[in-house]
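We call the chains A, B, C, D, E and F, going by the order they appear; numbering starts again at 1 in every chain.
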C-alpha cells in the first residue's frame, strides 16, 4: 500500500534532512510518499503557525488520492487541521499526534507529552480536551528548544532526558510521547535511557494508517460530512 | 471606545445587508468598526471553511490596533481561530460564540445552541469540549438552512421556533443560544415567542468586549504568548 | 440604567468605608444603588455566615424592583444564595463571584481564586463544582487575612502578591481572580505587579449586569421557577 | 446511642403526623430524638425555602450535643445547609439525602431520584454536582405533588409508581431513591411493586449515623473547620 | 443478623491471627461468620492475585445463603470480584473498600487511600475510576510494606503515620482510608495521632451491610442480573 | 513476526469453527498462533464468566514467550483480565476490545458498541469508565443473542443491523464497534449495509499488536510492575 506523509511546514532544509529517516519507517508492504507543504511557516509551533499552514496541509491531503495513495498521515504531533482534513478526503487520514496518544494509552494509565516550546503546549492541551481523555495525560511539558534547533541531536536528547525525568518523577508519567516529529532521531536512545516506552508519533501514525487500510476502515461519513463543492473549490484557488 | 467586529466570511452581499444592523448594536460610549475578511469562504459553515477564513481573520485582528480600536470581536458563533487571534493582538479579542456561552451560563443551568447546518455542529461540540463546560450544554442542533439562506427572515424564524422547541422539550434547554450571527434579526421575536432567554452572540460579544475595556482587562500573556516576529510576518505576506 | 449592589454583610463600618469606591465603578449610563444587609454576619467568610446572611440578601434582592432598579449584583465573591435570589427576582441577578469566573475564562485557560481565609475555600470549591467548570480552575488559595483586616491595604497587597505568585508558579494560574470584593483597592496595583490580568469581581459583575440589561436578557424562568407566594411571604416576615 | 433527627420545616401538623413513623425507625440500640425547626417554611421545596429554614436547622444541630445526642440526621432529602451544619457540630452530622445516594451507589450503577415538585429538581442536581458523582445518577424527576399533599398516601404511591417506571425504562434507573422524607410510608409497597431497591433517605441516614458512632468516625476538622465564636453567636441571636 | 466476612487470601496464619479482632467488630445484634478462601494467593496485592483469588471468593459468597447469612462482606480493601459476587448472591454483598470510600465521602471533600505496595495502587485507581468519584480522591499512596509484613504493628503504624502525613500535606487529604484490612490494629492509634478521621474498611463494611439488612435493601437485579445456571455450575466445579 | 491470539472460552466447538477465519486475518509478515483456554466458561458473557476464565487466560499469556511469540492478543471484546495479563508478560499484550475502541476514536467522535447479551453490557461500561473515555461512547447495546447462537450468521447479521440502526439514529453513533469477536463473519456485510465504519475487534487488535512490535513498544514497567515470583507460581499450580 502507499501512504503519504505530510510535513506541516515548508522548510526545504527540514525536508531535505528529514526525508530519509521517514522513508526508513516503511515496514514491509508500505510504500511512503514523503511530502511537505508548499507555503506557510518554516516550523509549526504555535496556533498562529497552524492557521497559516492549514490551507496548504488541506491541499496536500486532497491531492493524495490522485497520487495513488491509500492513506494519509499528517506529519506533526500537534494534529493541525486534522478534522478539516477528514472532510476533504475519501481515504483514511491519520494524524501523528492523535495516533501517538492512542498507542500510549494501550501501554500505560498515564502518559506525558514532551514538546518543543511553551507556546506549543496549549495546542496539545486543547487537542487532548477535544479528544476527551485528559484524565489519561500526566502532563504536557516543553524542552524549550524550537523545532529548527532539534537538528542538534545531542542537545535535543539531553533536553528530552531531563524533561522526561521530571514528567516521570513529578507528574507520574508512565510513558513519554514525543511532542514533535522532528525529535524522532532521539527516540531509540531515549527509550533505552528512560527504561519506559517512548512513543514516536510519525512511526506509530504510519503503522495505524496501515492498520486502517488492512482492515478496510475509513473515518465515518456521518461525523466527517463530505465538504461542499464550493468549499473544496477554495483548495483549488490556493 | 472603539470596537472592531470581524465577519468571518468575504461575501460582499452579506456585508452590505448586515452592516447596518450591526452598527445599531453600539450602546452608549461604543463606536463600532464593522469589517469582514478580504478572501476566503462566502460563509463559514464547516471546519474546512474555518481553515480558509483563518489567515484573513488574523489579518483583520492584527490591523485593529492601528485602526485605533480598543477591542476586537470575532463576528461568528463558531469562534474561528479565536486562540490564534489572541496571540497576535495586544487588545482584548472577544469571540461572539464564546461570549454567548458565558452569558447563557449566567442565565440558566443548561443551554442549547441552534445553528445552521449539520456540518457545523461538530465545530460547536469541539469548542464546548475545549472550553471545558460540556455539562452545561443541553444540545447543539441545526435548522438545516445554510447561512446565505438566512436572508429569508420569516423562514429562518419558523425554523428556529421549531428546532428550539425540540431543544427545550426533548433536551432540557433553558436558554437558546443562536448558533450563527446571521440570525440576529429573528432574536427579539424568538425570545418573545419562546418565553425563555435567547442569546444573540454578536450583541453580547460587543457588550463583553466593552466590559473588558471598562475594567482594563486583556487576555493573559502567559496563556496567549505573543507570537514571534517570523510568525507575524506570515500575516504581512497575505 | 440603575443597578443595585448588595454587600453580603451588615457591618456599618465596612459599608461606610467601601461605598464610595463602589459608586466610582459606575461607568457611563449606569447609576449605582449601593446597599448592604440589615442583619447577619459582620463579614461573610464561612458556610455558616452564608446561612445567616441568606434571608437578608433575599430581602434586598426582592426590594430592588420597587426601588426602580434594572438589575441586581450580589456584592460577594462567594455568591451567597445566588440561586435562591433568582427565584425571587424579575430583574437580572448577577453575582460578583460567578461573573468574575466567566470573565477570567475569556482571558485564559486556567485561573486561580485568591480569597481571605482557609475556611472560605470550600465555599468556592463547591461553587465551581456546581457551576461545572472545575477543569478551568488552577487553584483556590487563601491569604489568611480575615475580611475586616483587608482595611490594611498595604498588608493585603503584600499577601496577595505572595499568594498569587505561588498560584502562578506552582498551580499554573494564568489569571488571578480576587476572592473577596473587599480586596478591590489593591487590584490595579496587583495587576501591574503580576503582569497578568487580575479580575475584580464586583466591577466585572456590574459590567455584566449592564450587558444583560442592554441586550434584554434575564435568567430563564424554566430554570429559576418563580417562588410561590407562601415562600415569598417569608421575606415579608423578616 | 441517641440520634437526633431534624425535620427541615416548621409545620406542626407534619410533625404530629410523622413523628411516630420516624420513631419506629430506631433499630436495636438506637434511641431517636425527633425534632423539627421552630420557624421557617411549612415545607422545604425550593432554594428559597432552604434559605429560610437554614438558620433554624443550624440551631437544632448546635443544640444536639447538650441534648445528649451522639449524632444528628438532617431529615430532608435535599440536604439543606449540610455543610454549614458540620461546621457547628462536634458530633457526626449525616444528611438523609446524601446518605441515600451512598446507599444507592452500593446497590447499582445508576440510580434516579424521584422528588415532589419541578422547583425542587435543581436543588438535587446542584447537590449531586457538588458531591461529584453525577455520572452515577440516571435522572432526577418530580411527581408534581407538593410535600403537604403527600398525606394522601394512595395518590402519592400511584404517582411514584408512574414516575419511577419512566425513570427505569427511559433513563436507565436501576435503583429508585425517594426524593422527600415525607414519602416514607409508600416505600415498602413501592419496592414490592417495582421489584428493584427503593431507598428511603431517613431510614438509611439513621443507620449510617449509627455506623459512624459505632466506628468512632466524625467529619474531618480540616474540611469542616470549627466555626468562629462570632459566627456561632449568630445562632444564639435567633 | 448473621454476616459473613470473606478474607481474600488463603493464608492459614493470617486467618488464625486476624479472626479474633474481626469477631470483635460485631456490634449489638450482629453475629459474624469469619471466613477465608480455600485456595489462591497468600495475600492479595496485585491484579494477578485478584485473578487467582477470584473463583474462590465467589465460592464463599455463593455458600453464604446456605450458611444462614443475611449479608456478605468481602474482607479486602481492593474489592476483588465485587461485581461478579453480586451476580451470584441473593443477599447483600458489601465490599470493604467500596464501603470505606462511601463513609469517607460523608466525612470530607477529599480522602486519600494508604495501601501496602506500589503494585496495588493501580487496582485502587481502577476501582475509583469505575465507581465514578475520582474527583473525591486526593491520592492513593503505598507504604511499601507487603500484607504479610503488617504483622509488625509498630512498623506498620510508623509507616502509616509518615505516608498519611504526606497525603495530608501534599495531596490535600482530609480523611485517610486504610487500603488494606490487615491494617486494622493500627487504626485507633493512627486516628488519635493524625487528628483526622481514619476509616477502617472492614468495620465500616460490616456496619453498612447491617444497614442494608435493617432497611431491607439488596443490590438491584437490573444491574446485577442473576448469573445463568451454567455459569453458577463453574463454582461447583472448583 | 508471530502473534498469539487467545480465545477467552474453552469451547472446542467454537475453537474448531472459528480458527480458520482467525488465521486468515494474518496480513503480510504476521504469523498467527490461534489458542483458546483449557478450562473455564464455554462462552464469556458475564463478570462471573470472566472470573472463571481469568486464571486460564493468564496461563496462555504467560506461555506465549516460550512459544516464540512477539505479542499476544486477548481474543475477546470484553478485555478479560487485561491488566493482570500485562503484569505477567514481557511481550506486548493487546486486547481486542481496547484496541477496537482506539481505532473507533480515530474514525469518529462517538461510537457505539453492539454486544451479545444485556448481562454483558455492564462489563463494557466498566471498561470504558476505567479506560477514561466514556464521553466518546454513544451507547452500549445488546442484540440478545448469546455467543454460541452467533453461529447462525444470518440471524446475527439481522440482529446487528437492527440494533446498530437504533444506535445510529437514537444514540448518535457514528461508528459501530462489534462487542464480541464471535461476530466477525458479519462485519463486511454490516459495514456495507450501514454505510459507516464497523470495527471488528480481533482484526484491529492483531494490526495494533503488529504496530507495537514494528515500532518496538511494550507496556510500561512502571504501570504494569512485573508480578512477583510467588504470584507467577500460581499460574504453574493450575
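Heads up, the rule we're going with is that a residue touches a chain if its C-beta (ideal position, glycine included) is under 8 Å from a C-beta of that chain, and two chains touch if they have at least 3 such contacts.
For clarity, every value in this text was computed on a predicted model and none was experimentally measured.
Student: So which chain is farthest from chain C, going by the mean of the CA atoms in each chain?
Tutor: It is F.
Student: I'd like the Å distance between the centres of chain B and chain E, where a centre is the mean of that chain's Cα atoms.
Tutor: Measuring from centre to centre gives 53 Å for this pair.
Student: Could you grab the centroid distance between chain D and chain E? Build each centroid from C-alpha atoms only and quote it in angstrom.
Tutor: Computed value for the inter-centroid distance: 28 Å.
Student: CA centre of chain B versus CA centre of chain D: separation in Å?
Tutor: So the centroids are 44 Å from each other.
Student: Please list all residues of chain F that touch 2 or more other chains.
Tutor: 109, 122, 132, 135, 223
Student: So, with touch as defined above, which chain pairs make the list?
Tutor: Between chains, contact exists in these pairs: A-B, A-C, A-E, A-F, B-C, B-D, B-F, C-D, C-E, D-E, D-F, E-F.
Student: Using the touch rule from the top, collect the residues of chain B that touch chain F in their complex.
Tutor: Touching chain F from chain B are residues 122, 125, 134.
Student: Would you pull the chain E residues touching chain D in the complex into a rising list?
Tutor: Listed in rising order, the residues are 27-29, 94, 98-99, 102-103, 105-110, 131-133, 135-136, 168, 174-175, 188, 191, 195-197, 199-200, 203-204, 207-208, 210-212, 214-224.
Student: Could you pull out which chain B residues touch chain A in their complex?
Tutor: Those residues of chain B that touch chain A are 40-42, 46-52, 54-55, 58, 81, 83-84, 87-88, 118-119, 122, 126, 129-130, 132, 223, 225, 227-228, 230-232, 234.
Student: Please output the residues of chain E touching chain C within their complex, sorted ascending.
Tutor: 109, 135
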